[in-house]
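Chain IDs A, B, C and D follow the sequence of writing; residue 1 opens each chain.
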Amino acid sequence: MSPIETDRIQSLLPHWVETSRQRSSQGKVAAYIPELSKSPIDALGVYILGADGTSASAGDYNLSFTMQSISKVFTLILALMDNGEEGVFSKVGMEPTGDNFNSMLKLELVQPGIPFNPLINAGAIVISSLISGHSNDEKSSRILNFFRELSGNDTLTYNFDVYRSESATAHLNRSMAYFLLDNGVLQGEVEDVLDVYFRHCAINVTCADLARMALVLAHDGTDPLTGAALIPRRYVQIAKTFMITCGMYNASGEFAIQVGLPAKSGVSGGILTMVPGRYGIGVVGPALNRKGNSIAGVHLLETLSREFDWSLF
Amino acid sequence: MSPIETDRIQSLLPHWVETSRQRSSQGKVAAYIPELSKSPIDALGVYILGADGTSASAGDYNLSFTMQSISKVFTLILALMDNGEEGVFSKVGMEPTGDNFNSMLKLELVQPGIPFNPLINAGAIVISSLISGHSNDEKSSRILNFFRELSGNDTLTYNFDVYRSESATAHLNRSMAYFLLDNGVLQGEVEDVLDVYFRHCAINVTCADLARMALVLAHDGTDPLTGAALIPRRYVQIAKTFMITCGMYNASGEFAIQVGLPAKSGVSGGILTMVPGRYGIGVVGPALNRKGNSIAGVHLLETLSREFDWSLF
Amino acid sequence: MSPIETDRIQSLLPHWVETSRQRSSQGKVAAYIPELSKSPIDALGVYILGADGTSASAGDYNLSFTMQSISKVFTLILALMDNGEEGVFSKVGMEPTGDNFNSMLKLELVQPGIPFNPLINAGAIVISSLISGHSNDEKSSRILNFFRELSGNDTLTYNFDVYRSESATAHLNRSMAYFLLDNGVLQGEVEDVLDVYFRHCAINVTCADLARMALVLAHDGTDPLTGAALIPRRYVQIAKTFMITCGMYNASGEFAIQVGLPAKSGVSGGILTMVPGRYGIGVVGPALNRKGNSIAGVHLLETLSREFDWSLF
Amino acid sequence: MSPIETDRIQSLLPHWVETSRQRSSQGKVAAYIPELSKSPIDALGVYILGADGTSASAGDYNLSFTMQSISKVFTLILALMDNGEEGVFSKVGMEPTGDNFNSMLKLELVQPGIPFNPLINAGAIVISSLISGHSNDEKSSRILNFFRELSGNDTLTYNFDVYRSESATAHLNRSMAYFLLDNGVLQGEVEDVLDVYFRHCAINVTCADLARMALVLAHDGTDPLTGAALIPRRYVQIAKTFMITCGMYNASGEFAIQVGLPAKSGVSGGILTMVPGRYGIGVVGPALNRKGNSIAGVHLLETLSREFDWSLF
């Protein structure tokens, strides 16, 4: 957390980034959102931010990308702040599924047909429906403002190309939303809920933005750079726990064993993670492995966690 | 097929209808389409039509009800007439599923994610998308005209209350349609396809209408009352085979063993069946058993098949 | 049924067999029972037996092979004769599954966890447990004698190499049997039940044997060559219905549409089928398609049914 | 970790135990192993052991019970010590399943058909097969000795009544084992592997034994009371991670959120957990909740974790 620490990380980071970057050729850029397929396949960037504001960074850390599923951690937190634990957990469960992030099997097979957790697509759609606001626009504004506050970046905004691309092709999310409506889990108009969902997935960030947001979680909801208390500690605890058990799609168990840090990935290749009490970390590497996580990004985090003994376990 | 035969059936039918009607109290009227829940729970009617135009009938055979899934037999036939076997069977399979009629499990679990057969909901939605026509209205008109021709009833039309009720609440069908769109099985706009689907499900009929439509199938596609060749025999053969293997939801196997006739039921409580080469039969009894078939209607057909040795097997 | 008919079939059969035989190269001989993998991959034989004793045959109709799943039709019949309909259908259902013949999914997913039908492996194992007898040997003897009676072949016996090979490698059948034991569906010792099951699967036959057994079914349980009433008609009806809905694994629906005859196949490449009221038919072709049915045999039966308009539908 | 700490816990513990004990009436003692159904339904005991040997305890902490699934944590560790990470993780995965602990669905549905993790039944059976030894007896001896060493209790031994009861009724475990054999995941004789498995599940312990075993894990593999290095730290890390993601059956996610400690439960009502770096904890309460965990035990641990802020997150 001291400049000395980040200096030491900085001295090693560029080499590790280049080593991990080579994994990119074994991965694939997400194609199911057409706009995402334009991402640079061999990019890899990382930004590590300490509580004293010192940082280490390497590679393509200036690359701009959409948050995608990473946003789900923070909409969950906002939904908790809006509805309390009971309000949220009457609509989504707390369990990992072992299935793909967009699977609908358990919605049909397991009564009462609520999403198993808030980080799979079905769960995140329900969470979007729980954000307070009189209209889509108000809900979306509240989310964007919350993300700006957490990232300390007032210019955070949407990538409308990605938003439109996802909205036009997200048939499976529509399918899920109607299923949830039929199960009585989702309230309101499907297209309205999905609009809120597509918007927060399409918020543009850099690794530095993710690192700052993660730093707040790493310090129990208080931004150590400003001292501002932004999230009640209990909700940070809930979010971090979900990040361990369900944050990396159906590779969360493996990531917990190989890295051991709360993390959340997105199909844009971003990963937000943290060393609790110390660092906030943002990573981006658009080439994905078979489970949908950044192949080079996961490799880099495995290296970092092993070298610095960062695992919580 | 002679007046003597239908006379004999007529003499026995009222008693059997009253016996079977008592089963109604063990069933439930479909509630998932709100408008259907208004159906009279203890109604039971039957109309049996011979090739010579003589008929037998009993009970509430004048009750008007919507075709619901029964219509799927005839949209399948029209889709075959419009697209040929290859055109249809590249989009839907030929196998029973063992699952509920509205299950989505196999769409996710079994590659290539096409509906297992044209009589489950997912399959019937795909079939609706295959009807020729430049617009929803044209497609729907072609279907309605085809049904009028088959039933010899020019006044056949929609029950708009049921149509609106289903359209407003059919979240699961929407979910299925978007899933099929994502799988690349469905073409066009989901709401357009569903509009065609909801319309043909909401066509109002009586038992006599069903009996006449069934009579055409029982005579290999030719209406014996007019001599008009309405359907190519091969497509009738395909339809009758599906009615045996998949016509009674996931009770089709049991119905084949206990009754042994090609049949198709709907959640309105209607059943269309036939004695090939002889009779067309329409039945209605809105109280449904656990599998979604008319509880009294199935009992009545078991009695008739056993008494007259009608099973094909 | 007259010599004239079989003469006509005989004149065409050799050509059709040679045409269909060419499909064999696209199939695979069953490998999961090691002994079966020795079967001649391009063999194809057929034997068609009329009620007057005249026959037509072509290709490798003298090939000896094990009945495998074909035997399940006749153990079902024997179990019905031993226990009645109620005794049997409290333990197995009447529905096709849409799943692979050795799938266990529905045993876990669908209450009350009884096999969906008696022709999938789980169901056939339960049927084996229902055969009367004080010991495995007595049960197996009763089955063998019943099969000898039906085939008119007193020399019918086991292929012990196949029996041992299957018994040694049938881990999945053991898995299924223990699951059924846990579900309370199976009584007795698992190995005892499986021994009965493996034995009847390993009974050696030729196409002529199958044709004779099928001829009895085609004539409602009476052997037309001897006049002996061997099976109550109702049980033949039940068996034939299952052969239509579930006889060809999860290609039964397609076979019903393309051939339209009651049939049962085995992984040895055998198919037993019939033209009700007329012929009994035995086919063998060890090369299997993706669904586990003889690839050349199915093609040959499609040709025959189309040419002679044999479909029941 | 100091006597002062355990004194403080001790002063509060009896009251909390009595409060939590009242939950027992809402749970059920495991019935599927007949011998377990004799457990006292309203028992609740806890033993908390510090690194200095001081302890706190309350309720029925002297109750003797079988380890059941708790043993799986330590057979996993022994298998890792015998085979290394690669040897173990080629046979079992690292992911939570969301399914019941004895579900077989994913073995059939998800290729390559290896158990998702080593703590569900299928995985633990595979782990039992990986323990080194020339015979069942040698494998079982090595396990028992390892458990004795970890617990510092040389008298640890089997409850043969429970062992026999489970062995006689564990049809589902046999089913699973044969399925795994068929998938090529399990080596050797099924009954041999299961014998090793049933034995280690039937090792009798008290809360104090569990607390001592947990204390070793809480101190990265070194027994703080003797200074003996018993387990390589990496394997403890792996075990603790699995305990967070999969230790409490398909309520692991909820337990992680409500308690936040690595834990493993058994159907005997035992729970082993720890506060890393500080305490080892053993709990027993035979009344189970719907997910198979001690209903009173979970409530007690929720209270403790909340009051002392023990969550890792």
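We take it that a contact is a pair of C-beta atoms (placed from the backbone, for glycine too) under 8 Å apart; a residue touches a chain by one contact, two chains touch by 3 or more.
This is a predicted model, so every value here is computed, not measured.
Chain centres here are means of the Cα atoms, and by that rule the chain farthest away from chain A is C. The distance from the centre of chain C to the centre of chain D, with each centre set as the mean of the Cα atoms, comes to 48 Å.
Chain geometry summary: the mean Cα position of chain A and that of chain C are 55 Å apart. Note: centroid distance chain B to chain C, computed from Cα atoms, is 32 Å. Contact with two or more other chains is made by residues 109 of chain A.
Chain-to-chain contact here is organised cyclically: the chains close a single ring, every chain touching exactly two others.
Under the touch rule stated earlier, the contacting chain pairs are A-B, A-D, B-C, C-D.
Remark: chain C residues 93-99, 106, 110, 116-117, 237-238, 240-242, 244-246, 250-254, 256-257, 260, 262, 276, 311-313 touch chain B in the complex. Every residue of chain A that touches chain B in the complex is listed here, in rising order: 103-105, 108-109, 171-172, 174-179, 181-182, 190.
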